[in-house]
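As structure tokens, here come the structures.
Below are two complexes that have chain A in common, paired first with chain B and then with chain C.
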Partner chain A sequence: MNILVCVKQVPDTTEIKIDPKTNTLIRDGVPSIVNPFDGYALEAAARIKDKNPDTKIVVMSMGPSQAEAALRDCLAIAADKAYLVSDRAFGGSDTLATSYILSSAVKKIEELEGKFDAVFCGKQAIDGDTAQVGPELAEHLGYPQVTYGLEVSLEDDSLHVLREAEDGTEIIGVKLPCVVTFTKPSFDPRFPTIKRKMAARRAKIEQLSAADLTTIDLTRAGLKGSPTKVKKSFVPPRKEAGVVIKEATPEDSAHKLFQTLNDAHVI
Partner chain B sequence: MANYNSVTPEIIAELEKAAHGHVVTGADVNPDYAKDEMPIYGSRMPDVSIDATSTEEVSAIMKVCYENNIPVTTRGAGTGLAGACVPICGGVVICTTKMNKILSYDLDNFAVTVQPGVLLQTLADDALKHGCMYPPDPGEKLATLGGNVSTNAGGMRAVKYGATRDYVRAMTVVLPTGEIVHFGATVSKTSSGYSMTNLMCGSEGTLGIITEMTLKLIPAPQATISLMAPFEDLAACISTVPKFFKRHFHPQALEFFEKEILVSSEEYLGKQVFPRKIEGTDVGAYLLVTFDGDTQDELDPIVEKAAEMLLEDGALDVFVADTAPKLKDIWAARSSFLDGIEEQTKLLDECDVVVPVNAIAEYVGFVADVKKKFDFSVKYFGHAGDGNLHIYACSNDMDPKEFNKQVDEFMSAIYKKAMELGGQISGEHGIGLGKTKYLAEALGPVNIRLQQGIKKVFDPKLILNPGKVCYRL
Partner chain C sequence: MEAKSKDLWVFIETKEDGSAKNVGIELLNPGRELANKQGGKLVAVVVGYNTKAAVEEAGKHGADQIIVVDGEEYKVFSTDAYKLAMLHVIEKYAPTTILIGATPEGRDFAPRLSCNLKTGLTADCTGLDIDDETGNMIWTRPTFGGNLMACIMCPDNRPQMGTVRPGVFKKPAETENKAEVITEDFHVTPDQIRTEVLKVMKESAADFVDLEGADIIVSGGRGVGGADGFKILKDLADALGGVVGASRAAVDEGWISHSHQVGQTGKTVGPKLYIACGISGAIQHAAGITGSDVIVAINKDADAPIFDIADYGVVGNLFDIVPVFTEEVKKLKG
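Let's look at the complex of A and B:
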């Protein structure tokens, strides 16, 4: 099996700063990490490889050259090969332009690595939180998609995806090739081994520029190719976590609710 | 041994004058004040408890107790493991947890002044906000700093940074007489008479009551990497330890443990982090090592060399934790060993011996051999880097009397061996109530006479924390 995992390098904090003039993220001085949801996508791929050792895992990221560090982290954990899609022409891309560029990169990487059976993404990046790029990529590629994946298993020519639903989980079967976006499962991504870490430190990260993406229409990339116009960015105030009261009987729940409100001196 | 007076209504009235509104008596006293985390060494409710709020208040309380010959025991969060804060003669308990303010930072001299009730975790987090690290790192993060100083607590970073004692610059102490004294100064060196701060460190509340402390900080390291190395058995795991020092790797922490204790801890936390099998081989023991420095680039070559050495010495693999979540995960499992044991064990006793680093392997082999003679199970883990071992006798089905009898025999044997190998009774938990007999045996009459002499100079009426460390009741 041939799996592509899309990852993004993000600042290691949800308290990101935004340049008020350009409305873009200020990354200086903030340590960078692999977007945690992308880490879960990589772990899902690694678990498929555990069971099917002939699986190849390729990671791809779009971003500045610093994003190489994130790709090296992925190589250390489970990836076999890494591609960095980087070009000034891609700067300022919104989610539509980004997913379009990524779809063009997928086509290029497939020329080099063979067809991908599945493309895994995190459900969203913790710095942008849009959760749009994965589904948009599936549209550009014309693949079926399953979002909010927790675990996957390979069953013949399809993936069985355990996905998070509003009130529990559900299992969806999806034909290959497909796109799956991942949310936080009950387990953590594995630890890198020192051997993989050392190999990753010395590994070659393949670079793809706009010129390398032979199918790309550059009018659909970068700031100019982005229909989204950011008027204003702000960090919303933190909401207090709610309390769910679910006792054995409605009477018990009502009693508990009364007790809780009473203890809080609300009534 | 001293004869103490009972706490009368008149004395309670005097205490109420000394600490207005803070005096609690009889059945209203918090039952936690009768014990610490090792109730097997005994417990007793005090007659009076006072949550003190200032040095002056502690002084006023002590004056009343000194004049009336009332025993006084000081306590912090009660996380001790040797029964040191148990008021075995009743009387008054002074609790310092309300004195929990970080008073001031002196960042030019890398020092912070705190009240004794500040929790270790609170200072560690707050110091980081100032770009500093408070290096002592005992496993119990909810202990008070006053308790840490009183037991000279160590912890996992002691390998590189030393124990609590090495970070105490100065302190304010209320003596048993109620006099207020200052020991030490915010200086890097001193050759000015006997070191009273060093006498206070590890004195377990028997000499005076610490009401303010100035602690040393260091610039916070900017990069931290941990390696986790699973081994097939403990012997190979331990034998690699001295090489970390011979090869100048300067680990910040170096811990070993067997799979059994890890499993209890992970069950307690409800999260499995450590691999239990590597390519078909069952893991028997783990070595956990942390390196810290100013930059990642500075650490990378050290980490690679250390990992190569571990693999050469039989590690089944070496895993790297260099991100905040991964570091948190592996150290959370390590920090919860005691919680895991406590949750699964009805009868528990422990020993906290320290032996020279190159004697760990022999010592652990000895313990593994001796334990076969007894009905309880024995679990252990250790700060491999400084030779400090925590050995637990655990039983869920033994008769408590029989357990105590067998444990006494077991402890005597393993303490004796530790001394033969050039070790000490306690590495970081202290003597308290539970280890007085073993300390007396280990030190011998001359040393005990000196220790008792020191105690008498500070506390002529022996009212402060009676029955602990060098004076047995």
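Let's look at the complex of A and C:
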């Protein structure tokens, strides 16, 4: 089986702080990580490979050259081959343009690696947070999709996807080729071994620029090819410091809390 | 695509029994004002099976017109059937704006639809407005786990589309039902639906909880210590007329079922009162609760990040505090 995993390098949003003076997002010094949901997608691919050793896992990321680091992390964990899709013409792409570029890259990579049976994505990227690139990529490719995947198994020419539903879980059968997006499962993804880590450091990351994507229509890429425009961004008004209740005994604190909420007509 | 009208559409998601999910009806509220500003009709689009109840509800809540696509193939949600049904009516009527609830289903098929139409889709919006100058929608949405808000427009493509978070808007008041109903006889064949539900593992009805519609939520985290600990939270929730929620840590421990989970991989909630007990306030949890009117935190660690977003913070052991607080509430309500 031939699986492509789409990976985005993102700032670790748990490390992001607000500058109290300028009231803006501080991004400097914030570490870049593999989007956690893409880590779950990679783990799902790795688990298929555990059972079907002839599986090939290719990872692809669109982004600036720093995104190579994210691809190396994936090579260390489970990927066999990595592609960086990078070009100034791609900057400022919204999800429609991003997914279009990624779909053009899929076609190119398939010429080199053979056809993919499945394309795995994260549910969402923790910076943009839209959760749209996976389904849009599926639409460009004309493939069926399953979102909110937790685990997958290969059954003949289909995948069985354990999927998170609103009031439980369900198993969805989907014919290959397809797109699956993954959310957080209850288990932790595997760690890289030392050996794989060292190999990943030396591995070649294949580069694809706009010129390499032979089928691409560049008017549909980048800022110009993006129907949505970010007009403004702002840090949400911070709440005033809350009221702290810490009386001599917990009972007193409980009474005080009740009094305070009652006076404020909250209860 | 060129818009054929200035109409604003609200997608009404239905349940398997043909009634409307809350979010679609909620969206008729901001939809009314936006439609008036755009100078077009407010149209509810209902897709489902035996949808009489949903159609009735959309009419009672102020839709000018209702477009209905009804068929057995829409009873259980599938990406393909819902996308094709919506594509059919959009291509036929070409509205200028479409609002879709940011439910798991909405966020699943809306991007396929917008992508097919080669138009923009703004994700998971919490604010909706119209730019006076251009008449374009201004969609406001949280990014970076709620740390940054963005205002987004789609100036050159139609329809302009967005998914909107459940619970942000209140249902509009009921009015006289004057809606014109248009039924579209559109069906998809089984081979057009390329996924199959093989098995459904529903939480038992007793385990299920409607967090998005709740006014009061009492949530517990790892600090609750076990399934037994949740009983004292349930007592408080019952006394307040609310429901119980949980952090991911508590769900992963198996102390409470997943439908209770709040946060980035759980529900986004907007109650009048959210009481977080033994929850540290990780960004993935906080992302789901910042829409609450009032947040109360009870935590024994005075430095827990939850206190940064709490309106009222009680430092102390929840097992000592919650039962006493519950007794007070019972006295007040009883």
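Here is the rule we use: the second predicted complex is superposed on the first by the 218 of 267 C-alpha atoms of A that agree within 3 Å, B and C clash if a C-alpha of one lies under 4 Å from a C-alpha of the other, contacts with A are read in each partner's own complex, and residues count from 1 in each chain.
In the analysis below, a residue touches a chain if its C-beta (ideal position, glycine included) is under 8 Å from a C-beta of that chain, and two chains touch if they have at least 3 such contacts.
Computed from a predicted model, the values in this text were never measured in an experiment.
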First (chain B), second (chain C), both or neither touched by A:76: first
First, second, both or neither for A:93, with chain B first and chain C second: neither
Contacts of A:197 with chain B and chain C, given as first, second, both or neither: first
First, second, both or neither for A:55, with chain B first and chain C second: neither
Touching partner for A:172 - first (chain B), second (chain C), both, neither: second
Chain B versus chain C as contact partner of A:33, first or second or both or neither: first
Dominant contact partner of chain A by residue count, chain C or chain B: C
Residues of chain A at both interfaces, chain B in one complex, chain C in the other: none
Chain C-touching residues of chain A, taken from the complex the two chains share: 11, 13-14, 16, 18, 25, 94-96, 99, 123, 126-136, 138-140, 144-148, 160, 164-175, 178, 183-184, 186, 226-236, 239, 242-246, 250-251, 253-255, 257-258, 260-262, 264, 266-267
Complex contacts: residues of chain A adjacent to chain B: 12, 33, 36, 73, 76, 188, 191-195, 197-198, 201
In the complex with chain A, residue positions of chain B that touch it: 227-228, 273, 300, 303-304, 307, 311, 317-321, 323-326, 329-330
Chain C - residues contacting chain A, complex: 79-80, 103-104, 107-112, 114-116, 118-124, 138, 141-157, 194-203, 208, 240, 248, 252, 258-259, 264-265, 272-273, 282-284, 290, 294-298, 302, 307, 309-317, 320-325, 328-329, 332
